[in-house]
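In what comes next, subunit A is part of two complexes: it sits with subunit B in the first one and with subunit C in the second one.
Now for the complex of A and B:
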């Protein structure tokens, strides 16, 4: 291309842009309505994605805290048969984790066995957790609080800490004795009376009936499994990026011990499923909203072209090349999309900022508990969602507007000029 | 009116492409709404049915505050007899007595805690799905004694099969130690992890003698002929109980028994409607734009019509009618196509990546099946219809302020 035509096409582009901009405002009502429609669509895409991401993030954080751990270590048979028989020797675990090195930010080992707890009036089934009180305190009380008494003081503590609901059901209270029953590795029933030393309240009330805490050493001696644990919770830096931690642990444990490190999304498939489903759903939502929008967009452009048939015919007759007609209409639609996007992004950002302190959704708390959610929803605007919304609208919008633009560029000038209104 | 209708119909087809694009927008969102709402209703139905058929029934009669506290000693006296009388009074419903407690079950190799239900073997099959879900052995028989059926995961954990013996250890209603040896007559697999892991059933008679309950039980479960009749029968049963002078029993429906279920549905409904409303608003905007354009480009035409004596209110009606016809076409096509899509997935089921794990949390199978209720099909498209018709109000109202002379001169 010679310098001269290049210059001409540069000037052409500038004047095309001006014409496209003026054309846009010839029918300000129609343009206004279309911009409103696009911006509502874009707002919905981004705002709704932010709410859904916030929801999943909440489920994940709680889930990982509840699990607990980014990676868990079990006896290979434990997930299917959570019995005291399928335990891990603590010293092997300790050595292995030391080998994994820097990737591990903290870890603790616990005993987790099904048991029966009985007061003089009632009995209930639950999961008995034998924990190191000092190591686990922060995680246990991230979404719970101590109501009465005190938490276990040290690994030798002889008390038991139960949930408020369980204490109601058992009709027991702080300081009274309860009996716990479980089995030892020889399958003899073991039981012991323990003093209720604390009562906790959990955010998810269901947990109060499901878990009771004992000190690790006390539970080990009750179950006759000194030096053994059922579950190891390992935390890395970030639960979203576990590849380094996981591969380090797998190489130390898999080959020689038969212990199986599993990431949180394998330990709890619900959490893994939530993430995968949500990724797909956000994209689905954006595309659906865009498709609903595209009909209006196509219609507006078809009309804009249709009412200008004679004018386009005149321009073609005067020597405007079809490519420039095409370009002008495409620029018009990009302006339209761009204005809608700018306004939509602004609206979405304002909405997200205005509820950044969280939305109270406690009216349906018990339903949310089923989903593993708390009662306050915090929106989470991810740049990848904002980018996909914008890219999809601009790219697919341009594709949609190509059809009427192409059509207009290939009018026969004479027919177009003589077309009756 | 018929002239107006003819005019409206002809006006619509003056711009075929524009009309079809607008109808296309309506059909698209209608099909989508039908698909999603039927799927939602379908999964709610399944969620409710699975939960109710496996656990709670439509209605339960129990001692006041039993449902809240689930204490062993909050019992219903003469539970079997009361169930019989209830059945005689309301022949249309299903009735079954139950008793519930937690016990430690010990097999040769393992010991686990489980939830033990005492059931009436003759009545249970019409009440819950469990008798029909036996994968090994058989369900309890009314003539048998000291038999137990348990969930598949529980059986695997206890390492028992049909014919093996299990020792049950628990506390009687009087605080005494309750212990018995029972033999496994069958193993059920419901597909619901919670149930398969923790539930076992024995005969109510065995339960009563084991836990020193005499003739008492904890609840009477009632299934209405249809879940929609729950509230009717709840009121009837309340009336029947109070007419017999029983005041210490309460009658609760499934929503009261499972508050989490109702709330999960509510919160899901609310978030889904956000998306639906966005769709509907976008379609309404599209319809508004079309109608506004079609009114503006006909300003001169309307001026002439008005000048020859057509009242502006008639012009307004004409425009509204055009939109109504357009929206009605969208409604019909959308519902028809949407129903076809729903029918397809009703037969074949729908599954998405990650959905199976999510579904299990809500007692749902891994595939979803849409509901074909007329309500579920019509709900979304009707809202779209109303949105599109009301979006024509603005151009129609603009017309009533039309002055013939200036309109005829408009460019």
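Now for the complex of A and C:
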């Protein structure tokens, strides 16, 4: 008996599906328009979130590169007072990182102190970076290029590399001497002349005035802090997953040295916040687009039901159970949603692929620079965004279409049949 | 904000130096054709250890305004100086103390002593054409430059030596070269600052030489910026006394705040 019912309902479902499919194309214009609306909505959800993801990824990658490092190590007081007093002994750092082992893919130590740079006519405040030119070269020039001259050659190099804008402000140029001034750990002024050995251009022009590069050993001897550094940049395998690296470093450094390893999202909370903000924002965005879409969907289905009141009444009078009427209309809307989704996903995929090489947005470069973005936007389509867009559309679409379907299933057959058209 | 990074013999220090040097001139005028280092070295040697007390007026001139202030200064050798404003009344009491490379400033209005940090060394001293650095500098000029005697000419009864000083590669000096004109009695007549492209940027010029406190000194000197016409600061000495016995607390922070 129960097997029979199942068979019957199975056959019923099959015929319901056929009827739903045919009903869909009775008014092909309306269906076509609805499919267009859904697909454009889905396209917008996926494509826009791909652009936003691309933007965040860009901000993150640049931010992490610029910090630099996935994890940074400082003297505990350095973030509040970035002076030479709060330095770290290089040999302790080296030993500690060796202990952290495989989790560290590469690292370097640098000096980072506020300083004054002066030419014959101007002086400016900036941050002086004492770097190991060989170790850091690739990271420094990921977002910058050397315009003139050459970068520092070795840790003993006696030159200074400044940004193009700074060189304009100082009215100096390649090969001329400038004077840098800072303070040693005794708070006495230290200063020396250096020749400008290179001029760089950064993607973010503001950096050009903020940072100047000197060789590590030269800066150490100027500041009288031999063997000391102010910042250690440590790179792991993947900046999204740092738990292993961080816990390794924390166990080595925290306990016996008081040095403080911090992940990139702690060193720069803006970057950490950007990711969380974007995750929430993408979901909101999808829901908002869907809300606009849902009115169109509900309207279409309500109209489809109202048009067919007498027809539904006849089917009910012929013995079709209300559940089947409900099912038929629901299947209809799921078909509609499915077609729209398929087309929308295809459109979104095509548009993402077509701009995979990046969109030039340099027209608004200055604003982007403030947000820490480059001038080329690369879309990033994440499967979780695609899945959430599709799931939201199907689930919420089904909920929206349930109302007219429920309504139709509960018509009184006599009234429905005699309803004047 | 314009920086002037100059050597020890410049700015207010140079004024003090000029004052002090002159008195000692009679004792060690060098040979007929002294070399440049020797001229500077004997100038500095003569000055070392000498104390002075002086009063002067500093006039700051700009295209649209001019202002004058009165100063009193105490110096001892090339390491210690104390300058205190006496007029106008609203600034009176503001003082600067220099102890070798360190520099403090006292502002009576807020009753605070500030140690001038590196970042402020380039800023103007009391709004004049002298920077804090001009005033505070006391490193050895002899060590940071190569000096050459360009020529010695006879002028107005004196021999005037022109010395070209080119800073060493790593000296904290922005200038391409400095040119000093020093009279045989060690009055510095002119000090020029040339940039690295060979353009004269500023000049400290002695406008008036006279005898004060028993020595011949540059009584009126003017620092002018050649790229900005009408921008100059002039210092005129009214009273100078040398070899004064200064109490040991003269160059202390407590004396900076509470003059005794």
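Rule of thumb we're sticking to: the second predicted complex is superposed on the first by the 420 of 421 C-alpha atoms of A that agree within 3 Å, B and C clash if a C-alpha of one lies under 4 Å from a C-alpha of the other, contacts with A are read in each partner's own complex, and residues count from 1 in each chain.
Everything that follows uses one rule, which is that contacts are C-beta pairs under 8 Å (C-beta built on N, C-alpha and C of every residue); 3 or more make two chains touch, one makes a residue touch a chain.
Since the structure is predicted, the reported quantities are computational estimates derived from the model, not experimental observations.
Asks: Return fit or clash for subunit B versus subunit C, each positioned on subunit A through the superposition.
Replies: After superposition on subunit A, subunit B vs subunit C: clash.
Asks: Given the touch rule stated above, what does A:158 touch, subunit B (first), subunit C (second), both, or neither?
Replies: A:158: touches subunit C, not subunit B.
Asks: Touching A:361 in the superposition: subunit B (first), subunit C (second), both, neither?
Replies: first
Asks: For A:194, select first, second, both or neither according to whether it touches subunit B, subunit C, the two together, or no partner.
Replies: In the superposition, A:194 touches subunit C alone.
Asks: May I ask you to decide whether A:293 touches subunit B, subunit C, both, or neither, giving the answer as first, second, both or neither?
Replies: Once the two structures are laid over each other on A, A:293 reaches subunit B alone.
Asks: So which one touches more of the residues on subunit A, subunit B or subunit C?
Replies: Between subunit B and subunit C, B touches the greater number of residues in subunit A.
Asks: Identify the partner contact of A:41: answer first if only subunit B is touched, second if only subunit C is, both if each is, neither if none is.
Replies: A:41 sits against subunit B, while subunit C stays out of touch.
Asks: Between subunit B and subunit C, whom does A:114 touch in the aligned arrangement: first, second, both, or neither?
Replies: both
Asks: Determine, under the contact definition given at the top, whether A:30 touches first (subunit B), second (subunit C), both, or neither.
Replies: First partner only.
Asks: Taking the superposition as given, does A:285 touch the first partner, subunit B, the second, subunit C, both, or neither?
Replies: first
Asks: Counting only touches as set out at the top, which of subunit B and subunit C does A:181 meet: first, second, both, neither?
Replies: both
Asks: With the two complexes overlaid, spot the stretch of subunit C among 26-34, 116-124 or 170-178 whose C-alpha atoms clash with subunit B.
Replies: 116-124
Asks: Report, in rising order, the residues of subunit A that make contact with subunit B in one complex and with subunit C in the other.
Replies: Common to the two interfaces on subunit A: residues 114-116, 118, 120-123, 125, 181-183, 187, 189.
Asks: Sort out for me which residues of subunit B touch subunit A in the complex.
Replies: For subunit B paired with subunit A, touching residues are 15, 17-18, 21-22, 24-25, 28-29, 32, 69-73, 101-104, 106, 108-115, 156-157, 169-171, 175, 198, 259-267, 271, 274-275, 278-279, 281-283, 285-286, 288-290, 292-293, 296-297, 352-358, 360-362.
Asks: Over in the complex, which subunit A residues touch subunit C? Could you list them?
Replies: Residues 114-116, 118-123, 125, 158, 176-179, 181-183, 187-195 of subunit A touch subunit C in their complex.
Asks: In the complex, go through subunit C and note every residue touching subunit A.
Replies: 1-3, 5, 101-102, 115, 117-119, 121-122, 167-176, 193, 195-196, 201, 227
Asks: Could you please specify the touching residues of subunit A with respect to subunit B in the complex?
Replies: So the residues of subunit A touching subunit B come out as 27, 29-30, 33-34, 36-37, 40-41, 44, 48, 51-52, 80-83, 85, 114-116, 118, 120-126, 168-169, 171, 181-183, 187, 189, 269-270, 272-278, 280, 285, 288-289, 291-293, 295-296, 298-300, 302-303, 306-307, 361, 363-372.
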